[in-house]
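Okay, got some structures for you below.
Presented sequentially are two complexes of subunit A, the first with subunit B as partner and the second with subunit C.
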Partner chain A sequence: MNIKKYEIKKILSSPIVIVLMAIFIAFNCLIISENSYCGKELKVLNKIVDKVGYKIDDEMLSNFSELYNEKLNKVNEISSKKYNKTYKSIGEFLDENQFDMENKNGKLSKEEKQFIKEAKVIESYYILIDKFQSAYEKIDIRKLAEYSIKSYNLSGKAAETARKQYGKFEHRFNELKNNGEYKNLFFIGETYKMHSFLFKDIFTKIIYEIMIIMVLATAYIINYEFDNKTHLIAYSSKRGRHLIKDKLFAAIAVSLIVTTIIMGITLGVYFIVFDYSSLLNVPISSCFNWEYGEPYMSWWNMSFINYLFFIIVIVYLCELIFTMIAFVISKSVKNSYVVFFIFAIILGIGIMLPSYMPSSSRLIFASTFTPFTLIFNPSLRFMESGPLTTFKYYEVITIGAWSAALVVLSTICIKKFKTQNID
Partner chain B sequence: MKVIFNEIKKIFNLKMVAILLLGSLIIYELFISFYIDYFPNGRPALDSYNIGCNMIKKYGNSMDEKEFADFKQMYNKKVEEANKYLSSREDCKKANIRTYEDFKNTMDSSDKNSCEIHNEMMNEDIFWELQEMERIVDHYEHRDEIVKKSYSNKNYKEKVEAIVNGEGLTDILPEIIQDDYNDAIGHVAILILVGIVFMLLPLFLRDNKNKVNYIQYTSKRGRNIFKDKVAAGLISAFIITTVQLSAFFILYSKNNVSMFFNSNINSFLNRHLYWYDMTFIQYIIMTVAGIYVLSFAVTLIAAFVSSKASNYMTAIGISVPILFAIGWLSDSLLINQLEVIYIPKMLAPIGYIVLITISIVLIAMGWRKEKGTDIL
Partner chain C sequence: MLLVNNLSKYYGKFCALKDINLEFDNGIYGLIAPNGAGKTTLIKMLTTLIFPTKGEILYNGTNIVDMDDEYRDILGYLPQDFGYYKNYTPTQFLMYLSALKGIDKNKAEKKIKELLELVAIDDVADKKMKKFSGGMIQRVGIAQALLNDPKILILDEPTAGLDPKERMRFKNIISELSRDRIIIISTHIVSDIEFIANEIVMIKDHRILYKDSTSNICKSIEDKVYETEIQFNDSHDFKKKYISLSERQEGENMKIRFICENKKEIKSTWAKVNPNLEDVFLYEYNDNLKEK
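Here is the complex of A and B:
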């Protein structure tokens, strides 16, 4: 136990690991604060949900319309006092009185402006319910499948497989439509793009940051004895060549610690800045969660908090996989300097691989089952995610297969090391 | 001299060069090849390029009023051609599109028939060409107003005034050409910097770890080897930069933009204005010079890091944020948007000077420390 503790200490006490973590966390906070301007508007949805709930049904709609009319009346009250005029909607009011809203010396006081802005946000949610629901019902998965197959230039067997997967997804989509999973309020994807901000921008950064630290730390700890010329002593001790197991254990433990610290602090700051408190149980496939061409449609009925949880699990597992890859590399090249760059090359090849596969064979799907493709787009995990990765168990298969392969590989490395000439 | 030569040999050992080549190839494939393989990227970029080439062939690098009249005539001829084509088609008649004027007016129409026709006409070259020619005519006729309107900020009012009154504005340089070059060269700069850091981080570290430095101290050259190593680093950086840049420009020549080399970058067709009235080739030379300066600064910083760090993890760990910072600087100021008019004129030179000063101060500090360091 003691040895393991000291091995972990070797990494965590080196200032560069701490400095890098601090820089990365500060960078993440900067990115979050740059986007915090819409935080106030996001809070409004929480207020709505607190009053009328997030599930869209008849009762909620009547409550919502009451709430909306109340706000509209109040705006009209203000307007009739100041302008002797009433409006049918708040948007109309804003169009006509833009000058007073934006100007400090206009007719409206600060509180009134604040109130009107909030009312406008409520109005947009109220109006958009109808629009999104009817648009959602018009989605045709088959059309989507053909379109995406065409845009990826798939043909032959590859196109067949993709069609089959989309066929399976269609079942899920019908289920999603029938059980009303999509009838829920969420931040308007079109305007705020919160889903891709959190799960793509922030999570991708987190994943790469931890990857950088972990590859460096793993290469450092595994080749430490050779780099410091202590290998002859260390490996002739009683623990001897079993030390390599302790080192692997230390690398894995550190990877968990680093992941927890970086992800924990970043997400903590994120959820302090952006208020999700009333929305944790909203299904992720809500029709409001619609940013680009098609909405986010998940394979399973997951709430936001579940989805977040599974993505966090994916990050932990992927970082473990990367640590193991770094372990295998550093066991086979020994030079701790080039490990980092060889890992970077493997990462680059992994990302490029699908685009070099023949687009008519099934090989192209095989090439996407890598952790490098998996982390490329964290916002689309467990979802309909284009013709190449829309498999129900894509994440499970990828992580399972790679972990199994890496466990085997590292066992081989450890076994081989026992009989290796270390001088 | 011999020491420097041998140090360079140590830097370019086979394994490192192999990894550098492989890594460069991947970065090139991932980030740079796009700007060459897909140039011009789709339409109307293709038409913009073709028409630009034809204009240069016919009028030379700049277009005066007489030549513009000729261009307009060409445009009118094209319109007639389009009219003939449209009136000859049955389905167009049905949708009440008889002339090119009708065609333009129904651009955003929600009528089903005309929508279909517009979609179909996307396959015909002539309509793409007309669209681009129209843009050129419009930009030429209203060039003064457009420039004054889009650059109304008072920080660069004088320069805009000078551009409007000068002759460069009538030069022909479609925006896609400069945009493509700027994006590509920005990525090339980062590729070069990463390559240099990769090759030079072991410069001191390798010898320090193997304790070869103690032997070096006892030689006749003694601690001056520090200077030799820095010189070797600078020469190696020069070699890496030159090789990478020439590889890039050989590939870039596939884009076939040499006819635009003598056009002023402050052209009425270009997206941005610049502080200096230079030709496109001069601009390219300026960015290349910028890359050399950046690579020398990064070399000195990498050499400093290498002499200070006690192990490779620390060396790479320090370099990562430094590279990110310099990459960001080059992307936003030093290479990609060099001397664009909305960035203050002196900011880029100041940026270069600060970077050079920092790197020289660091390496001087390293040298002073090296002179007095204890041998344990």
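Here is the complex of A and C:
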């Protein structure tokens, strides 16, 4: 077995890594299962898409209308049979017969209730198409920019830069409007909030969990020989101080392994519980993907699956960056828990930094180009994400600059270690 | 040949070793010095764990720091505080160290089996080391130092924790190995190296005091070592005057081995004895031997 494999084995057989991984995976599964109540409703959209497609155009609208009327007629059939009454909409039916829908001993059978519930979901999508499309048409990026600048209290050069960035985003928004990218069906954002659930709640947890494990694991492997008092024989062996490179390699490899296991299992469970099978190619900037003040509007035309892929790539790269930060700290600090503590302080400073910057200076933007701000809300990555981070290449610049800096720092640490006295 | 050339090591203003010049050819060298004299500092420089402030160490004419892994490839080292992985078996641990020493897996498996037999722990080769006694761990340490069949073998307190039988086995192993390699043994137990070392290196006040054969070093206190019997009541005053080397009870009296430097004080009842290495050690590092 080569040295790198030995080092990887040391980390992966460490009780703290195994226990934390098990706890975090169980925790993620619990969070997903707690939100699984809407899973059945989400499946309905897949059924709609299977029948009428997701791209909203005249043909789709006509097919959708047909589908909806078919469901409405069927509901009215049931209604006239059971209540001697018909309705203009399924919503109207439900308003009047809510008690029966929820009562086990009511007039409606279980199958009929299920059908009506599904039909209601279909109706919601059908009705909301117009609402969202017209709301989207009314979005004014300049107003949004001014509102954001005001809410962040930006002034002077900072406000100027933010306006400039929003100006650039306006081009993209116009493109998005003109090419009809937003005219696509997706889970109703304001009802289910699936985008923020997946990309904010789940991914943020995944990122922090892996970060915790990797900071501890990196400190553990870098100081392993010192902790076991084997440093004198290890660093006087033929491999000598080059061993530190194997340890860094092992930490990076374990970072990839741990990320794959935690993210793989969590996302696997997520997509088993929530059916996205027919929606993978829906653009992420769909007008249905609108949860709060403004819809999610991406800088690039990305489908859901593309977006998911790039967020996964960001997670991998950020975890590598955190591993390398932990490596650099571990080269000066011998205790794993002290390394973790120092890392936590750096993380805290990184997150708080923009709030301490003068809101009239461009420095405030520089302070957001850190992996700590980058991971703060993954659901806004590659999107219009507020005045401080709405830069087209924010993610690329942040990850690129930090990776380059950490490669340089790690190289310096390795070179310094080569000439360092080992007592 | 290993050549230590004008070597000095400073930690800030503190001088750990000063102007050390040594030459090692194949054979056994005993490194003797009290704690804090710079013995471990010298060993750590010989193993490239720390670097000299001044001077250099050459192996066959090349600086060992420049030789890098080429030098460490021919080095076997047992540190004084030998660490190990508690949850590994000796075989697993030695396999890992073989990888660090760049030994091929198949070759390592064979070598580990041989070495564990040599140090007589082959019966526990696959047992976790956390349950091992100090002596067993020390034998794992000796085995690891021999893994790469080193040309330079440096052993720091190798007999610590070994029982008399194991010590004897260790001496035999070392004598056997010394034919074609440099073996440097640092120890407090003078008797362990007195009869097997070709040369003894003594360090005092961070400088080399002696580098010579045992017999030549012993000559330095020739005619100064005596034995006599004294009464217990007189021992306090006696030890104030002379450096006591050893004492033992003989009936009502005490038999004392001591150093007398002034020939005029020699008494007819005293028996002159041949000095041994331990006598020299005690004489040279006698700071607290004279009673006040």
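Here is the rule we go by: the second predicted complex is superposed on the first by the 422 of 423 C-alpha atoms of A that agree within 3 Å, B and C clash if a C-alpha of one lies under 4 Å from a C-alpha of the other, contacts with A are read in each partner's own complex, and residues count from 1 in each chain.
Following the convention adopted for this analysis, a contact is a pair of C-beta atoms (placed from the backbone, for glycine too) under 8 Å apart; a residue touches a chain by one contact, two chains touch by 3 or more.
In this text, all values refer to a predicted model and were calculated from it rather than measured experimentally.
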Inset, instruction - Mind checking the superposed model to see whether subunit B and subunit C fit together on subunit A or clash? - result: fit
Inset, instruction - Could you look at A:219 and tell me whether it touches subunit B, subunit C, both or neither (first, second, both, neither)? - result: first
Inset, instruction - Look at A:14 in the shared chain and tell me whether it touches subunit B only, subunit C only, both, or neither; answer first, second, both or neither. - result: first
Legend entry - First, second, both or neither for A:3, with subunit B first and subunit C second: second
Inset, instruction - Check whether A:348 is in contact with subunit B, with subunit C, with both or with neither, and answer first, second, both or neither. - result: first
Legend entry - Vertex subunit A, arms to subunit B and subunit C (CA centres, degrees, nearest 10): 80
Inset, instruction - Have a look at where A:23 lands relative to subunit B and subunit C in the superposition and call it first, second, both or neither. - result: first
Inset, instruction - Would you check which partner chain A:337 touches, where first means subunit B only, second means subunit C only, and both and neither mean what they say? - result: first
Inset, instruction - Could you say whether A:84 touches subunit B, subunit C, both of them, or neither, answering first, second, both or neither? - result: neither
Inset, instruction - Return first, second, both or neither, reflecting whether A:105 touches subunit B, subunit C, both chains, or no partner chain. - result: neither
Inset, instruction - Compute the least Cα distance separating subunit B from subunit C in the superposition and give it as a whole number of Å. - result: 6
Legend entry - Intersection of the subunit A residues that touch subunit B with those that touch subunit C: none
Legend entry - Contacting residues of subunit B [partner subunit A, same complex]: 15-16, 19, 22-23, 26-27, 29-30, 198, 201-202, 209, 311-318, 320-321
Inset, instruction - Note which residues of subunit A are touching subunit B in the complex, please. - result: 14-17, 19-20, 23, 212-213, 216-217, 219-220, 227, 336-338, 340-342, 344-345, 348-349, 351-352
Inset, instruction - Could you pull out which subunit A residues touch subunit C in their complex? - result: 1-3, 6, 225, 228-240, 242-243, 419, 421-423
Inset, instruction - Using the touch definition up top, name the residues of subunit C that touch subunit A in the complex. - result: 44, 47-51, 68-69, 72-73, 75, 77-79, 81-86, 95-97, 99-102, 105, 144, 148
